[in-house]
Amino acid sequence: MNYTIHFSQVVEYIPYLIGGAWISLQVAFLSFCGGMVIGLFGAMTKTFGGPITRRIVDAYVSFFTNTPQLVQIYFLYFALPEVGILMNSYQAVLLGMTLNAGGYLTEIQRAGFISVRQSELEAAETLGMNLIQKVRYVILPHILKVLFPSLSNLYILMTLGTSMAAIFGLEELTGRALNINAETFRSIEVFSLTAVLYVIVTIAASLTLLFVGRVFFRVKGKVF
Amino acid sequence: MTYLSIDQCDAFYGDQKVLECVTLDVDKGDVVSLIGPSGSGKSTLLRVLVGLNKPTNGRVVLEGEEIDYHNKRSLRRARERFAIVFQQYNLFQNMTVLKNVTIAPVKIQGRSKKEVEKEAIEILEKVGLGEKLKSYPEELSGGQQQRVAIARSLALKPEILLLDEVTSALDPELVNEVLDTIRLLAKEGRTMIIVSHEMSFVLEVSSKIAFMDAGKIIEVGEPHKILKNPDTDRAREFMGKILRH
Amino acid sequence: MWERIAEELPRFFTYYNVIFLLKAMFTTFLLSMIGCLLGSIMGGVLAILKLTKSAMLLPLRAVALVYIEFFRRIPFLVTLLLIFFVFQAIGLEMSVFAVAVVSVWVIATAFIAEIARSGLESVPAAQWEAAEVMNFNLLQTLRTIILPQAWKVILPPAFSFFVMFIKDTALASQIGVVELTYSAKVLNNKGFSAALAFGVVLLLYYMLSYPLTKIGAWMEKKLDIS
């Protein structure tokens, strides 16, 4: 083997990498929130909307869940400028991930809507709640409890998905790893360290979500 | 010499002690029934004999040979000599009735397929399932499945047959067909240890009854004695409760 | 934009370009399929390994556990780069396609091992016990009793993993594999409108993924009833 492993050269970059991990988490978080908003509208449309609007949501979901997130972002970044919409890489990545997440979250939330028992809705009806109130006081709390596992699972996947932002120059974890690699050429050390960081971040996120779920939403579950 | 001697055996399930100082002798041709309240350790004792739960001390001796449940070869040998029929029949869902009965003798005991199949068909006809050779377990009633399970264990040619509450999971109308099968086996002189709640049946077939409670054997004796006039208070109390109807 | 696209269309859909795109689409499909098939074998081995109880195999079981937990939590891009550089360092001269297939293989192994574990656990413990008291060893139990029952629970999720991974193969474009995403970049670099190039490729991915998803759903329904 014509390569010797020298971790010492890379160790000084660990804080830099951790900073990148933090950015990854932020990007995932923002996209997730945006996706939740889209998902809410989408799920509500699928449940309460008319035949045409439902079809539109179906098409949206189908498109974004059957095509790669990377190519979706490529389209936003390279194709939109051709109609005059310019965005920097951060915006393109954020928008792409949000739209992508919106597709999956529509489906997840729709499943949650379906799980709400008819009797709960009828009770809300007799209490004189209109649609918006029903959603706020009956549907949402129940949904958040039932959907917690799928939501946190998607969130973890999205955190891993932020890694492709590096391709567009974003300095999240993978992006910074590429930078360090360009400087030190210690590829194996850098990328194995990056891999370990992703594992740590992911497990930490899972445990945090599990804790939040247990405390606030009475959710049961495990990480391993 | 006693055929099977269980001597002061303890067993645990996790931290809980489920058998305590259990001592029981079984002679060849004996039909020993274990009775007692739920959780008294009756099924556990059978599971210990067959190695699904390992005893922490005490001895189990079969025909002069001590069984070491922590030794692989000894355990294998023990499992060749005992056969157990479970409450939930545990038939292999992906095989026909005939395959269920023949698979272990052929694949594990290494006997000839032709010979095993001939024998299996005889046994299945004896238990009244000669017509169902090609059926799958899901197509059979509970009583039929349990009889297949009994046939399966007989095909292994065991020395002692263990029956763990084999009628408890059955609908009432299906219980008798299984009890009839067991009566047949008792008449043939098979050595059996039965765990059951069917008191009148137990009275009829057993040569010996052991009453268990909280993991211990409280009293052992003649069927009539135990069921009608037991010595110990605990046994008396139990009998009083269940024989009221 | 539409005028530009309309103008470019005939130049875009030349025989050469269409073949190029179809070949790239095939490469995408092949990447996921070969990687997942190999991953199924390896994943199955790991799942079975985790079921063993002998002390001798403990180190292997530990490795399997760490492997499965680790490779399910790394982005595909990072795995790809890692394997690329590891092969480079060892001096193995492999095509980027081979590097990508190995990367898919490595990740699929971890995920499918989990799916297989779950499938094996779905078979009631009573089946295992009945086999155990009749002196079946682990492999015999698996082969004659457990697997014939567990495969129905394992196949649908494993198949949908394969379909899902088709989208992840887009990352392979970054190390130079000529799959669908790479072909979009090539065509864009040749001067075609990005909207056209990436738009068509998005459509092609859709045409690959959607029918397979439907097949997966059909499979799940079919195996659920039986």
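When the chains are written out, they are named A, B and C in that same order, and each has its own residue count from 1.
Quick note on the criterion: a contact is a pair of C-beta atoms (placed from the backbone, for glycine too) under 8 Å apart; a residue touches a chain by one contact, two chains touch by 3 or more.
Everything quoted here is computed from the prediction, not taken from an experiment.
S.K.: Report the chain ID whose CA centroid sits closest to the centroid of the full protein CA set.
M.R.: When every chain is reduced to its C-alpha mean, the one closest to the whole-protein mean is C.
S.K.: Farthest chain from subunit A, going by the mean of C-alpha atoms per chain?
M.R.: B
S.K.: Taking each chain's centre as the mean of its CA atoms, how far is subunit B from subunit C in angstrom?
M.R.: Whole-Å distance between the two chain centres: 48.
S.K.: With chain centres defined as C-alpha means, what is the inter-centre distance between subunit A and subunit C in Å?
M.R.: Once rounded, the distance between the two centres reads 21 Å.
S.K.: Roughly how far is subunit A from subunit B, centre to centre by C-alpha average, rounded to an integer in Å?
M.R.: A distance of 56 Å separates the two centres.
S.K.: Please set out, as single numbers or ranges, the residues of subunit C touching at least two other chains.
M.R.: In subunit C, no residue touches at least two other chains, as defined above.
S.K.: Which of the residues in subunit A come into contact with subunit C in the complex?
M.R.: So the residues of subunit A in touch with subunit C come to 1-3, 62-63, 66-72, 74-75, 78-83, 156, 160-164, 166-167, 174, 177, 187-188, 191-192, 194-195, 198-199, 202-203, 224.
S.K.: Would you pull the subunit C residues touching subunit A in the complex into a rising list?
M.R.: 1, 4, 69-70, 73-79, 81-82, 85-86, 88-91, 167-171, 173-174, 180-181, 184-185, 188, 193-195, 198-199, 201-202, 205-206, 209-210, 213
S.K.: For a test of understanding, state which residues of subunit B touch subunit C in their complex under the given definition.
M.R.: Where subunit B meets subunit C, its residues are 50-52, 76, 79-80, 82-84, 86, 88, 90-94, 103-104, 107-108, 156.
S.K.: List the residues on subunit C that touch subunit B in their complex, please.
M.R.: Touching subunit B: residues 126-127, 129-136, 140, 144-145, 148-149 of subunit C.
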